[in-house]
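What follows is a group of structures, each given as C-alpha cells.
Presented sequentially are two complexes of subunit A, the first with subunit B as partner and the second with subunit C.
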Partner chain A sequence: MARAAVLGRLTWRLAEVREVLPETPRVSSLELQVPDWPGHAAGQHLDVRLTAADGYQAQRSYSIASAPDGETVTITVERLEDGEVSPYLVGELRAGDQLELRGPIGGYFVWEVATGGPLLLVAGGSGVVPLMAMTRVLAAAPSGVKARLLYSSRSFEDVIFREELDRLAGLGKGLHVFHTLTRSQPAAWKGYARRLDREMMREVAWPADQRPLAYICGPTAFVESAAGLLVELGYEAARIKTERFGPTGG
Partner chain B sequence: MAFISRGFKGRRREGAPSGRIPPGQYLADGFPVLSAGPTPRTKLSDWTFSIVGEVDTPKRWTWEEFKQLPSQEVTVDIHCVTKWSKLDTLWRGVAIDTLLEGVESAAEYAAAFSDGGYTTNVPLEDLTGGKGWIAYEYDGQPLAPEHGGPARLLVPHLYFWKSAKWVRGLSLELEDKPGFWESNGYHLYGDPWREQRYWGD
Partner chain C sequence: MDEAGMRLDGNAIGGLLQELFVREMTVAEGTCAHCGHVGAVGAVHVYMQAPGVVVRCPACEQVLMRIVRGRDRYYLDLTGIRCLEFSEPS
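Coming up: the complex of A and B.
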C-alpha cells in the first residue's frame, strides 16, 4: 500500500485543522481533515507549505503520527525556537484553520503488518513520531508481531505520547516500552536515566538471531549511535532503517 | 485567489542571495545528514573505485591509486530534497571526466553504487562536462563517514540524494533504471530548479 500510495502525482491539498492537541510544552499534534487523502503507511511523512500574504512560501516535511484512518491525518510537531514553520504550526494554527499539504511521501521507512517483525523501535525525542504511527497500527490489529520501543527523552515532561504509550503497552498485544530520561528524572523513576549506550541497547534489543527489523528515528548523533550499536550486536545492516533530523529543521 | 496561510509572515533570510535558492528550499546553517541505514565503515585498504557495466574494459583504482589521480577543488551550492540548501560548499575530488578518459561505451546513463547497497541513477551527460566528481574532501578535511566518506559522488546541480555517499563505482547503463530513492517515491531525475522531488513532479 505504501507503494501504491506514492505512485500518483502528489498534489497539494487544503486540509482543515480539526484540533490542536498539546503533547508536551514544546510539542503539539495537529489533527487534520484532508479531502481525498489517498491513505498512508506508518512511517511516511508529508510536506507542508505555508504562504504569506505577499506570496512568500516555506515548505517543510513532517512525519505522520496517526495510523491510517480515512481522511483524518495527524502530524506531531516540535516547536524549534529558531524555526520558521514549526512555531507557526505549534503556536499560531488553531482549529478551523486551513493548511496546505501533500503526501504521503517515502516508501522505505515504512512498516505495515505484512512487513512482520519482531520490531525494534528506537526513538530520540520527537523522532518517536513515525514510530508512534507504527505502534498505533500494531495496537489496532491482532498481528502477532512483537515490538519493543526504546525511547529517549530529556525529561519526564518531554515524553511525547506518554499516557497513550502506557495504555498501548498495557493492552497485552506484544508491545513493550522502555524509557530513558537523559537530563532529569522524577522521584522514584524506574526507567533508564542516561544516554543510550551499549548496555542499554543489549538489555532492550531483541537478540540478533531472531532477525529483528529495526527502525531508528531521532537527531543525527542519536541515530548514528543507535545504528552503530545494533550493527555491533549483530543486526543485519539491511534490516536497520534510519530516519534523521538534522541540526536544522523548521 | 491562491491560498494564504492565516497569520503566516515567514522569515525571509537576510543575506540569502536571490537566484541561488531553488523553489521550496531554505538556507541551512549546518550540514544535515540524511541516510537510510547504518553508516558503513570500509577500511581504506579494502576500498576500490570501479567503472563497470557497458564498457569494453572495466577500470578499477585502489585508494592509493585514486588519490594519485588529478583532483579539482570545487565550490558549489547543494540542495537536499528535505528542503535545505547550503551555499558555497568546498570539495576536493576527481572529475568523472577524468575517470572516464579512454572509456569506450554506448551507455547514456550511470548507476552509482555504494557500500551498504545504495544505488542512484544519473544520466551520463549530467556527470560529464565538468558536472560531476568523486569527492573525498569537504572543507579541506577528509570527508567524514556520516557525510559519505571516504568518498561520495558529487552532482551538485541535482537534488543531493543523487550525490551517493560511500560510493564505490559507476555502472554504465543503456537504460535509466531507478535507484534506491528513485524506487521509493523520489523523482527519477531530480532537478531542484524544476522542483522534481517526487514521482510525477
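Coming up: the complex of A and C.
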C-alpha cells in the first residue's frame, strides 16, 4: 500500500452526508463527502464517532463499500435495533448532515489489483460490504483476475447490492456470484437454499491447486465455519483472510 | 452468548493500534510467547467485552496483548508477544 496509508496518525474528520440510499429494509448506504480523504483500498474500514449533548461518545467501525473515488466514501450500515450507533445512521441521518469519522483503517483484510487471484469471496449478511468494495475495484479495471462470490443471506429481501451484483456479474469480467438464502426463498429460486456447508463450498470454491486467495467476512460463527471448510479443501491457511463482526457492534 | 461467539479479530482493533503505534499494524507479524505461532496481527483473536481489549493467539488462545484505556492514558501489556515485526517506512 501507499506510504500514506501505512504510516500516519489517524485524525477525526467531519464528513458530510451526500446521500442515504436504502439497500434493504434494514440496511442503508451512506455516501459521504470527506474533506482531505487520503484514499483507501478495498477491504478497509473507518471509525464513526457520535457525541451526545452531555459529551458521551460512542464509536463503531464500518466497512467501506465503495471503490476508491477521490473524497467520496460510501459505507453500508445494518440497523441493529438495540445498537447505540446504527439506528442513528440508518433512520435518523439525512443528506446534508455531518458525521465525525477517521480512516481509512486496516491493511490485513485488503485486496488490491496487484494482490492478484483467483479470488474467492465468502460473505455472510452485511459481511458482503468490504467484499463489495473488492468486486467494484475488480469491475472498474481490466485486471484479468477471476473472482467468485458466495453470499449467504436470510431471504431475498435481505440481499444487499442484489441488482448491482447481477449487473457486475453480467459484465463478463470474470466475476461469478452464488447466492444462498437460508430462511426463505422466493418461488422458482434457482440458487442455494440452505446454510453454507461442505458440499456448497466444494461446488463454488476454486480448486486449491490454483492457489486461490480467500476473503471471508460475516458473523463470527459463519466466518470460522467457512474458513474451516476451506482448510479441509486444501486451501493454504495464510491465503485465507477473515474478518469477523460480532454482536457488540451496532 | 458463549465466549467463542463474542470473538472478533485483529481487524477490529486496527484503529486502536494505529492510535498507539501511529502506523497501520494489522499487517505486522507477531510471535506468540507461549507457542511460537507467527501470524499477522489482523488474524489474532480479539475480545472486547472486558473493560479493556484482550488479544489472544489464534493457535493456542493464550493472551498476547491487553490494552486498557484509562482517563487520558493507555495501558499496554505485551507480555504474550515475543516479537512484533513490521516494515520500515519506505
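Following the convention adopted for this analysis, the second predicted complex is superposed on the first by the 246 of 250 C-alpha atoms of A that agree within 3 Å, B and C clash if a C-alpha of one lies under 4 Å from a C-alpha of the other, contacts with A are read in each partner's own complex, and residues count from 1 in each chain.
Keep in mind that, in the parts below, a contact is a pair of C-beta atoms (placed from the backbone, for glycine too) under 8 Å apart; a residue touches a chain by one contact, two chains touch by 3 or more.
Model, not experiment: these values are computed from the prediction.
Annotation: superposed three-chain arrangement on subunit A; subunit B versus subunit C shows a clash.
By the touch criterion defined above, A:P118 lies against neither subunit B nor subunit C after alignment on the C-alpha atoms of chain A. In the superposition on chain A, A:L50 makes contact with subunit B only, not with subunit C. With both structures placed on the common chain, the touch criterion links A:G191 to neither subunit B nor subunit C. Contact with subunit B, but none with subunit C, is seen for A:E100 once the two complexes are overlaid on the shared chain. By the touch criterion defined above, A:R60 lies against subunit B but remains apart from subunit C after alignment on the C-alpha atoms of chain A. Once the two structures are superposed, subunit B and subunit C can be ranked by residues of subunit A touched, with B on top. Contacts of A:G39 after superposition on the shared chain: neither subunit B nor subunit C is touched. When the two structures are aligned on the shared chain, A:L230 is found in touch with subunit B, with no touch to subunit C. The single stretch of subunit B with clashing C-alpha atoms against subunit C, selected from 6-14, 60-68 or 114-122, is 114-122. When the two complexes are laid over each other on chain A, subunit A has residues 6-10, 61, 105-109, 220, 224, 241-242, 244, 246-248 in contact with both subunit B and subunit C. Residues 6-10, 14, 49-53, 55-61, 84, 88, 92-93, 97-100, 105-109, 220, 224, 227-228, 230-231, 237-238, 240-242, 244, 246-248, 250 of subunit A are the ones touching subunit B in the complex.
Chain contact summary for the complex, subunit B toward subunit A: residues 2-12, 23-24, 26, 28-40, 82-84, 116-117, 146, 180-181, 183-185, 198-201. Residues 1, 3, 5-10, 45, 47, 61, 102-103, 105-109, 220-221, 224, 241-248 of subunit A touch subunit C in their complex. The touching residues of subunit C, when paired with subunit A in their complex, are 1, 4-12, 14-15, 18-19, 22-24, 26-27, 40-43, 48-49, 87, 89-90.
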